[in-house]
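You will see subunit A twice below: alongside subunit B first, and alongside subunit C after that.
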Partner chain A sequence: MKRISMMICLMILCTGCIPKSYIEKLGIITSVGYDAAGEDKLEGTLVVFQFDPTTSNTSQVISSQSETSKGIRYEANRLTSHRLVSGQVRLEVFQDKLAEKGLEKFMDTLSRDAKISDMGYLAISDVPTKELMGSNQSEDAPNIGIYLQNLIEKSVKNQTIPESILSVFVRDIQDFGIDPVLPLLSMKEDKPYIKGLGLFREDIYAGPLSEEDIYHLMLLRQRSKDTEFQLDLENDSLKDYYKKESDNVNEGPLHVSLNDLSNKTSIHAKGNDFTNQVVKVEIKGRLLEITKEIDLKQPGAIKAIEKQIEKQLKTRLERLVDKLKEDGVDPVGFGKVYNEEHRDQLTEEEWRSQIPNLNVEFDIDMKLLRYGISE
Partner chain B sequence: MKVNLEVSKADSFRAFYLFFVVHTLQIGAGLMGVPRILFLEAESDAWISILVGGLYLHFIAWIMIKILREYENADILGIQTDLFGKVFGYILGCAFVVYIFLILLTVIKNYIEVVQVFIFPEIPIWLMALFLISLMVYAILGGLRVVVGTCFLFFFLTVWLVFTIYKPITYMDIGHFLPVFEASPTEILSGARQMTYSVLGMEVLLFVYPFVDNKKHVQLPVHLAVATTTFLVLLVTVVSIGYFSPYQLKETVWATLSLFKIISFSMIERFDFIAVSLWMMVVLPNVILFSWILQQSLHRLFRINKKKSLYGIGILIFFSSILLEYRLDINRLTDITAKVGFYLVFIYPVFVYLALLIRKGWRKGRSL
Partner chain C sequence: MDTQVPLTKEEYIKEMKKQFNDSPDLICKEFQFRNQTLVIHFVNYQVKKDLLERDLLGTLTSAKRAWSVEDLQNKIPLASSTVERSLANISPALIHGSVSVYIEGESQVVLFALPNLERRALNRAETESLVFGPQISFTESLVTNMNVIRWRLDTDDLVVEKLIVGERIKSEVRLVYLKSLANEENVQTMRQRISDLKVDEVEDTSVLGQMIEDSSSTVFPQLITTELPDRFCNSISKGRVGVLVDKSPTTLIGPMSFFNFFESTEDLYMRWNMGTFIRFLRLFAMFLSIVLTPFYVAALTYHYEIIPSSLLISLGQSRATVPFPPVIEALLLEMLIEFLREAGARLPTKVGQTMGIVGGIVLGQAAVKAGFTSNILIIIIALSALASFTAPSYLMGSAIRIIRFPIIILAGAWGLIGIVFALSFLAIHLLKQHSLGRPYLAPLYPFEWKDFNDTIFRTTFQKNDRRPNYIMTKDRYRFDKQKSNKKNDVKRI
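Showing the complex of A and B:
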């Protein structure tokens, strides 16, 4: 009996020693936006959750200015009666002007602080994040921060954009021979949406990548599976296989929509020369939609479509690589793959300076396995 | 000091439990940071170092059992005095005592440091130290069987943490391992040596052996324990190398704990909080066993009353852990202890065994 009462006493006393956090008194930051504000100054916009039983409004948006990202939180504490805590930050958005100066210094504090989750998403925005976070178009999500986070999370899960969590971004910055990418947010009619991708040169924002190139980049990065993509083929390229009875439907452009069931990409440097790269892409896909009446029963029809898709995909991929060369970035990781085969033969500077001289040959093998329930 | 111990039936335990004793003692604060330490030595080939280190661990376990089997029921303290004479035996015994004290201190300090960094930055050192030390004293007062029981219990309470590693595995980049065999043999060997630092604790066998009931069956549990330890170290290191970029891994102090940062369930958003708290159960068997060894050695060497020495150890550990405040000092102490431990645990037994063989040969020669 004495022992049990002692134990109970100890349990109560010892737990009392830990600092307490009452949820009603906390302001739980769910997402943060950073803007450049004048010389060297940052403007931070915090979307904060509060569980105050007396108010119906459960979230608020606070903006403050400071020199460091932790300073923003400190300054923002003066603007609210709740104690701001950052253990639940799941999205950090950076304005493109800020990202152009480099994100390394933000990554330092994010990875140093054990309180910050490594699963938080990162994004950049081509409008000031203050506007982005100020939008009241958050669909059914309780606040704009959660909406943005759901938007990115859903897109990453459906593989329409590459993984953009903090730990992968930091890894791609620091890995040799590969540049990171982040989703690029923007506003359309006062509603935030994903506009495309932001390309990075190490931690410095190098420029946007349009939404239709995302699939191609993910294909080359070998980090995608089960995605959809659209292509426009040459208008009359499949003339031989049109169904006879329906001639007039076959006017106008030819579009196909495909489901990428699985893909395999291998990158090789020809003759140990970094600038001569050969990329082999194998895609197994499923036809979802084709805008012309094509008799798929005819021998060779599928083969012809496959061939057209390969041709079109090749020009698209070449266009993408030209764009990357222009920006001097390598999100595909040509340098990384080269380094895995020939370690210590390529320095960081050599890799960077050789990117514009890259000569990439594509060898695409498309297999159209299925085409739905109608022929 | 008598060479052989007389052990009452109530104090002895079955050889089967040696698995838990050796394994839980090897896995402790060291596992939290081992991927980075190995990576600094052997880069992406650190896994080879672990395999080499693991083989050496098995060799040492085999040697230790060989030594102990030469005697009827002795621990290392008795064997030393028998082999090297009373003076050297006592000096070496004291070396063991100092080393065990230091390792006990580093285990406690490193865990408190982790709690302060991950969960409660404000928590005072003395409070955490008091928690751990009071549990330690409480367990040891129950006798050796309770000590062994805590190892058994805490092993099962924490072993499931291994399965949570599936999530970081999905983020692994196999390219980080290519090309293999880039590290030179010296780098691999120094990596293997670093690996042995992190899995110190096998020396418990040298102290606990007299208390084993069925000494015939000692080999299997001990080797199983060493194999399990090697596997765990291999697992966390391989996943860490794949998950982190090389630069990140060099900068991350507790890579194993950082792996937990990306695990989240719908009820528990931040699993790392749970993992760090649960780690106390990984650390506790360490603390309890090491202080039991300390108490036992002091009793054997200087006939100090067991209860008195236990309270003495508790108070001494408590005050020394308060005095160490800076992370740098803790790191330095850990390094020194690891170096001492390496020679005492992984080199010294080989010499003892050689000395035993020489004496045997000499005696044989004389009797002829």
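Showing the complex of A and C:
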């Protein structure tokens, strides 16, 4: 009994206390936007939850300027009666001008701060984030921060953009032979949307990748399932299989849309030469829509469509690789794959310098598994 | 002091009166019969009057010759008759409903047992009611209870030992077990603990249970008290030892593991998959009941990071009006629930129902409206209170309700660290417990995978061929597993 009471006394007297943080007294930051302001100053925009029983509006947007990313929060604390905490930050957006100077220093503090989730999303924006966060078009989400977060999360889940969480981004920066990408946000009529992808050379923003090339990059970068995609083929390439020869439906451009797509991609260097890459892409999918009246039952029709899609995809992928070569970035990870097969034969400098000399050959295998019943 | 039966009538009557402190309940009747004086003593309402008049008095008065002690024993048509010489032994027998017949000049008294026991009929179980399965429960009468047990356990293997406890007011205790199964050590432990008791009286089985339990300081019961004959007999047939106390409608069974407290015999009557599901449900409910409120307190006091962002707004908005910190808020509401439960148990049934409605709906609603608590906490408290009532053992349910309070306070002081500390403490505490010297957390520690069959899971009867290891029964197997799987159905042609 004496021992137990001693233990309880010691427990109460000799243990430290964690500072209490009652949620109703906190300003909980849900997302942060960073803009470049002046020479070495940052402007931060914080989207904050704070709980006021008298109004239904629970969020607030606060901006402040400082030299460091944490300093922004300290500065912003003067602007609100709630204590600002960053434990619920799930999204960080960087202005493109800031990203051009390199994001490494931000990543350092973000990944070291235990309060900030490593599963939080990152994005860049080609408009100042202050404008982006100032938008009040947040659909059903409680605030703009949550809306942006849902927007990115949905796109990642549907595999329309590559994974953009903090830990993946940091991994891609530090990994040899691969460059990271982040979603690029923008505004259309005061409403934020995903404009495309931002390509990075290590941690430095190298330029945008347009929205239609995202799928092509995804094809090369990862194995995916259940994606959807639209493609335009050459106008008269399927002439042989039209139902009626002279139907005006058959005029105009030819588009196909596919869904239920799954792809398997393998990259291989031919003859141990890094600059000679062979990329094999196997795609399986379902033909959902085609803009011309084609008799799919006709023997060879499906084969012909497949062939056309392969051809079109190949030109598109080549266009993408040209664009990557131009920017001198390697988000596909040619270097990484090469390094996995041939250890220590390629230095970081060699990889970087040889990106523009890459010669990529594509071998695409398209399979249309289903196309539905048509009468 | 052992007083012999005196030889003269006057002296005998005087002595008997002295034994009974001149109680008016002692009825004394003298008969003059063929130059013989017979004195009959009995305690008023303890005897069956009709039997007394018809069989005893009728036979006594209609005899053709004088009575002797041998004749009294042999010629009276009553089953139980004993000869007693010591006055000290006569009075307890009279209290228990015997009639004493004294023939003047003899130093012996013949006692006829005609007890008139007030007892209620077998009723439906109240505290441990089953939806499905046998419905009767034990009553206060040991005779009735033994009758039920003998009827359910139809075997000559059944051993019933009689023990007496209580120095001043004596109670009869019966030790029940199966000779070919029950571990001698278990029986001996139980027997010794009961016979070593030096107490004034034993009020009830649960009191006896507390007196003989391995550890009195813990909140967890180590022996199961049950009022269900089927549960009692099921345990006995698994090789456990049971105890019945006269005047108590509950029985005691041991050794028990912690997980046995979450079993109900209903699990056996249902199909195995449902039985297992319900057992899991109860264990989960127990865990939830312990952890849910502390978790709320910890999350809202320290760890706002772990709250899902979709829940953050509703939690924050409802918390914003509450003037207390979450610990106080939670303790207040937990108290409210405990008050309701206690009031509901004490109040007469008709008022009790009204109280339930007033407490549950009116108080809950008003507390939220007044900004006294957040409505999410109301849900959490209600859920954990409800979960604590799923334990089939009432004592275990109360134990779970009690240990919640210190955990809430710890969660308020140290957040999740406090909860983890409390749970670790609980785990160590449970590991230290014993039931009749057998490990309390049995199939988990010492770990015995095959015993999970009958404690945490409830597998099919064909597979469940082993008796739990920790009971240490003499015969570990119920049946031959190989044979049980064969089904000799009629072959289709």
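In the analysis below, the second predicted complex is superposed on the first by the 349 of 375 C-alpha atoms of A that agree within 3 Å, B and C clash if a C-alpha of one lies under 4 Å from a C-alpha of the other, contacts with A are read in each partner's own complex, and residues count from 1 in each chain.
Here is the rule we use: contacts are C-beta pairs under 8 Å (C-beta built on N, C-alpha and C of every residue); 3 or more make two chains touch, one makes a residue touch a chain.
Here the structure is a predicted model, which is why all the values come from computation and not from measurement.
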item	value
Which of subunit B and subunit C A:Met119 touches, first, second, both or neither	first
Touched partner set for A:Ile146, first subunit B, second subunit C, both or neither	second
Touched partner set for A:Leu26, first subunit B, second subunit C, both or neither	second
First, second, both or neither for A:Gly372, with subunit B first and subunit C second	neither
First, second, both or neither for A:Pro356, with subunit B first and subunit C second	neither
Contacts of A:Ser167 with subunit B and subunit C, given as first, second, both or neither	first
Partner chain(s) touched by A:Pro53 [first = subunit B, second = subunit C, both, neither]	second
Contacts of A:Gln88 with subunit B and subunit C, given as first, second, both or neither	both
Contacts of A:Gly300 with subunit B and subunit C, given as first, second, both or neither	neither
Doubly contacted residues of subunit A, that is, touched by subunit B and again by subunit C	17-18, 87-88, 117
Sites on subunit A touched by subunit B in the complex	14, 17-19, 87-88, 111, 114, 117-119, 165, 167-168, 170-176, 336-337, 340-341, 343
Contact set on subunit A toward subunit C in their complex	15, 17-18, 20-24, 26, 28, 30, 49-53, 58, 85, 87-88, 90, 115, 117, 142, 146, 149
Footprint of subunit A on subunit B - complex, ascending	117-118, 120, 122-123, 127, 131, 171, 173, 175-176, 178-179, 182, 243-248, 258, 261-262, 264, 269-270, 272
Subunit A partner contacts - residues on subunit C that touch it in the complex	300-302, 304-305, 307, 309, 312-313, 315-317, 319-322, 325-326, 371, 413-415, 417
